[in-house]
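Structures are listed in the sections that come next.
Both of the next two complexes hold chain A, though its partner changes from chain B to chain C.
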Partner chain A sequence: MNFKVIHFIIAAVSLLFSANAFAAAPIKIGALFAVTGPAAFLGEPERNSAKMVIDEINKAGGVKGRKLELVVYDTAGDATKAVQLATKLIKDDKVVAIIGPSTTGETMAVIPVAEKEQIPLISCSAGSKITDPVKKWVFKTAQNDALAVGRIYEFLQKTKQTNVSILTVSDGFGASGREQLKNQAAKYGITIVSDDTYGPKDTDMTAQLTKIRGTHAQAIICWGTNPGPAVVAKNVRQLGIKTPLFMSHGVSSKKFIELAGEAAEGVRLPSGKVLVCDLLPNSESQKKSLMLFVKDYQKHYKAEGDHFGGHAWDAVMLLRNAIEQGADTPVAIRDQLEKTKNFCGIGGTFTYSPQDHAGLGKDAFVLVEIKNKDWVVVK
Partner chain B sequence: MKKDLLLFTGFSTLVMLAPQLFSGGYLMNVLVFVGINTMLAIALNLLLGYAGQISLGHAGFFGLGAYLSGILTTTYSLNPWVAMPTAAIVVGFLAGIIGFPILKLKGHYLAMATLGLGIIIFIVFNETVELTGGPSGLSGIPNLKLAGISFDSDVKNYYLIWGFTLAVMLFSLNLSNSRIGRALRAVHDSEVAAQVLGVNARLLKVQIFALSAVISSLAGSLYAHTMTFVSPASFGFNFSIELLTMVVIGGLGSIYGSFLGAALLTLLPEFLRGANDYDIIIYGGLLMVMVMYMPGGLVRGIPALFRKIVVKGKAGNA
Partner chain C sequence: MQFDQILQYVLSGLSTGAIYALIGIGFSIIYNATGIINFAQGEFVMLGGLLTLSCLELLKLPLWAAIPCAIAVSTVVGILFERLAIRPLKQPTPINLVIITIGGSILIRGLAMLVWGKDTHAIPPFSGDTPIAIGGATILPQHLWILAITLIIILINKVYFYHTISGKAMRACSYNRRAAGLVGIDVRRMVLFSFIISSAMGAVAGIIVAPLTMIAYDVGVMLGLKGFCAAIIGGMSSGVSTVIGGLILGVLESLGAGLISSGYKDAIAFIILLLILFIRPQGLFGKADSERV
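Take a look at the complex of A and B:
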């Protein structure tokens, strides 16, 4: 009985593949996203966005008459799987470029494969060390943590709140944020008066916050992704702490406001411009891309597009632009990508060069405040 | 005895010829992982299947081997061939020390203690950022080199890993047929009876625990040098459970069963990938069916199934 089912599946799958082989040769693009597992909040919008934009491109007739085909695999956030699947994309699916993976750890694991097999990799994760030092075949679309930290510190310096407490999550995102928070403090004249961490699955941070309450901090910076920061925001309320609370771009989606409820009011955080795109002036160069992305995402998935999905959108569009310039081999695509200038995407305005494969400037972030369950730009 | 040797020779020949059958491509990469997982499953099987002592923390020993090898070769630029045995010795020694108090426990309590051990090791990987690179991992680990050949491709790694795996298999087969193997099975059945017959059960349990950790560490080192990257997520609690599943699905107390379990659990997700989002459901369903209808594991279930079909076929013909 089971054998029959398996045979049926195998037959169906092989039929699917052979049908594809007979169609006019599309350009194959690979994608690795953590659609399941702890990083699913990144992988799911990324996969959705990538699929959506590829659909839209194909509906409009493809690129230079050729359709794009997206091969997506789920890495479940596991570096071992990411490496295996990258090999599969390159060897079996013969893709010309790979988008993803979603997390810094997976990306670092996949980089040696991409470099050795000479396939362009456009990572959707934020860690600074992905493109620092520059690797020939590796690009990224997510904003560096360094930029987000810079945005917060700039504001604190301006408002003379120079004693800060930091509270970071003990995962890749938090570790990278903590490193940047500590490294850049001196540059902005900031003193870190306490440095604490919490676990990704912790449900109560009152212990750390009680300690922070005892310091003379003028601002608390929490670095993490949902749901931890929502708990921090609630705990801050419960303990009656009046110190202003700052979050990272890791929670810049409506989900955070939903989770934290009332406690989210007054929280400030750096965010990609996608959250506040309708508030931006028309002169803003990114506005066209942002409005298009948000509209398409709403149409396809009945949900609000966030900047995580934006990373994948940017990656696909960067590839599309390169292919439009006539590049259809991995080598040509890589060379074209490096020549990208002033591409207005979701994450910011990208300009790649042989010395810079991250491509974004400080203007990629705006500082927003949560007011009446919505975002307001802090001037 | 002769039959065993014949079986092993046949198996090794098959393993060595496999690259010719599945030339190149992604499958080679998966088969490398089948080799690593086979080693790990054998390590756990020696402990669980033979000595009857459960461990839910074996991913920790696997990770320790990988990280020690990684750190020694990157931060301290040691030769990988020196780093590998160093890691194995350190892990074995550590397991020996921890084994003495832990293996006094029985049943659920032993499971909990080893579970805790695995989680502690995982937390150490995550939190000691200066040493391990923290959650975003440790990169730039060198490939192994031997007589001018660098093991940097899937096919080369296949021979390297399977060379080690076959050695571990041969060693474990011999061990299970020796006096020690019989003593282990005696401890499994009844510790008191074994002690009455003059087996130092406590020492034996610690020794097999340490041996199991050493094999896991070796697999970890090989993993680190083939992947050239390690991150804590690969050595979490989930992987300990996956190893346990390999051993149980393959067949407790059988070395070839460990291979079957490791091969099935590594290859199955690859074959199911075509089913898109439903793969996890099919995967879980298949595992349930196998445990229900093959309680002795694949190594006993497949021949039984085969006999059933043959007998039925004969009955049908008559």
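Take a look at the complex of A and C:
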């Protein structure tokens, strides 16, 4: 009898303590970013931003009294590594959700893992195929290339420059952009008069551009990430090509202007709003988030926040909102994420639904032009 | 219009080819003195460019002072590489040496990433960037610099190898190392010399292309491979045939990208490399058992 009572008390006390310990335990969120390697320009600001928001949230007392804990792994831009690390996050670290990876290739590789283990994945990469068709556990915060292409085509249609030459980089980003450029052309009455590619490490594109000069293109659209497009801009200037040059959102950072120098003048590109946030009117619904992000990033890292970091910021905030609604298990978080409505983030205004896990509209992009080494919004 | 295009392709090709040639000669000089292919050659190209950047931005040196500085530092890296990685080797079989150079190149690239970060950097052109029209084609002043500097370096090489004692000694090593050693040539010193020359030349190549192509810690890989192709086409000679090899490669790449498809640009270089290795391993211009100088 006595023993039983003691047992009972021990059991009750330990249960009490462990329950307490559970209540105070932080919610673990996993993150996979390409902090090193060729996609480091994405992964580094993403990791910085994710750490920064989590810090800020915890400083403000966490979410519903619980702290958030971020477990970040570096994938080095390698899809195989990304898959291994995703499994590690799920099995060893027991995270409730994963943010990332940074590139489309890695994300496509990680999707089957997230689907099988039933862990929500919020990707920070742009490829349309990530959420098209919709996958139950996969969301994304980066704007689709389709929206960026739409923004450029809309402008070209308006200004009646309907014969275009496209020059895309031969990697995942360029291939996805090329596909969108070709698919949407008819919808906007655009004719693609030449279609060329260049290698991600190429250092001279005059051959391709000479060919383009021989066509009657009214606009050149180059789809790539630094440094290729800077070389293209320089080559265009060298060849004396006067055709307007358009770039993708992949180069919407000050780095492009720095690399291309004089040759960047007059280049137009679709960009997330973070680049031009102080030029936006106060009525803009995203302005509050944008200014907050830029201010925090400046404070933490003494650098300008870019829209790549913004993708991670959005992902953390979306999770925070879901957790605030009381979700703390993978299933509940997924369901809450899907109910997100009009969340004004950095990438745009997100509204997820069972049919749409990308959540953004064409207004996520503004068309900007480079003038005097700075951005100007094209009306 | 068609003629203009061809002219442009050829001019672009020649200027890229000149760079391949410079890097290719670096490969051949070391190959001839030591019998190894130094796969770290591309990294000296990268070092040349990035060191110039540092001299310009951190030390605030003018361009004419930054360039010799960058070449000197790259050469020191070349000497250290030879002293620390090549010379101490107990069994210097070719395969060991080649693997060491690959390891060395990864190490140098990694260190460069830590020092300069992962970003691409731009260096201002030597004399402005107003295009120069030639016929219907245009080139930049920097292209002329590249062609001129390549020419000067080839001439200096020629004089060195044929008209100086140490140049002749190095040629002797390439014919027959043992015999060279027996007549009193310090073969190990010649090996060191070959590393000094080729790292300096790699650095020069990096410096003169940087304003056009921009520079990052990882540009050495592709440029190194293209330079290697040029050297193979030229039959690993440290003279004119490697230069011609580089120019042929550059022009074919450019014509291929313009006339066939830009997607095959790199494939063209490597198909040529494989064809030469299969059909004429002695190089395009070599006799079956050629002298390699």
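Just so we're on the same page, the second predicted complex is superposed on the first by the 355 of 379 C-alpha atoms of A that agree within 3 Å, B and C clash if a C-alpha of one lies under 4 Å from a C-alpha of the other, contacts with A are read in each partner's own complex, and residues count from 1 in each chain.
Just so we're on the same page, a contact is a pair of C-beta atoms (placed from the backbone, for glycine too) under 8 Å apart; a residue touches a chain by one contact, two chains touch by 3 or more.
Note that the structure is a prediction, hence the values are computed from the model and not measured.
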Three-chain arrangement built on chain A, chain B and chain C clash or fit: fit
Which superposed partner A:S170 touches (first chain B, second chain C, both, neither): both
Contacts of A:Q355 with chain B and chain C, given as first, second, both or neither: neither
First (chain B), second (chain C), both or neither touched by A:N372: neither
Partner chain in contact with A:E262 - chain B first, chain C second, else both or neither: second
Which of chain B and chain C A:R237 touches, first, second, both or neither: second
Which superposed partner A:N226 touches (first chain B, second chain C, both, neither): second
Partner chain(s) touched by A:N342 [first = chain B, second = chain C, both, neither]: neither
Touched partner set for A:A207, first chain B, second chain C, both or neither: second
After fitting on chain A: smallest Cα gap, chain B-chain C, Å: 6
Residues on chain A lying within both footprints (that of chain B and that of chain C): 36, 170
Residues of chain A defined as touching chain B within the complex: 2, 9-10, 12-13, 16, 36, 73, 77-80, 83-84, 87-88, 91-92, 104-106, 108-109, 111-112, 116, 127, 129, 170-172, 174-176
Chain B residues within the chain A interface of the complex: 24-26, 29-30, 33, 126-127, 129, 134-137, 139, 152, 154, 227-231, 233-234, 271-275, 280, 282, 286, 289
In the complex with chain A, residue positions of chain C that touch it: 1-2, 5, 8-9, 12-13, 15-16, 113, 118-122, 129, 131, 133, 137-140, 209, 212-214, 216, 218-219, 221-223, 253-255, 257-258, 261-263, 265-266
Touching residues on chain A, where the partner in the complex is chain C: 36, 38, 40-41, 44, 170, 196-199, 201-204, 206-208, 210-211, 213-214, 226-227, 230-231, 234, 237-240, 255, 258-263
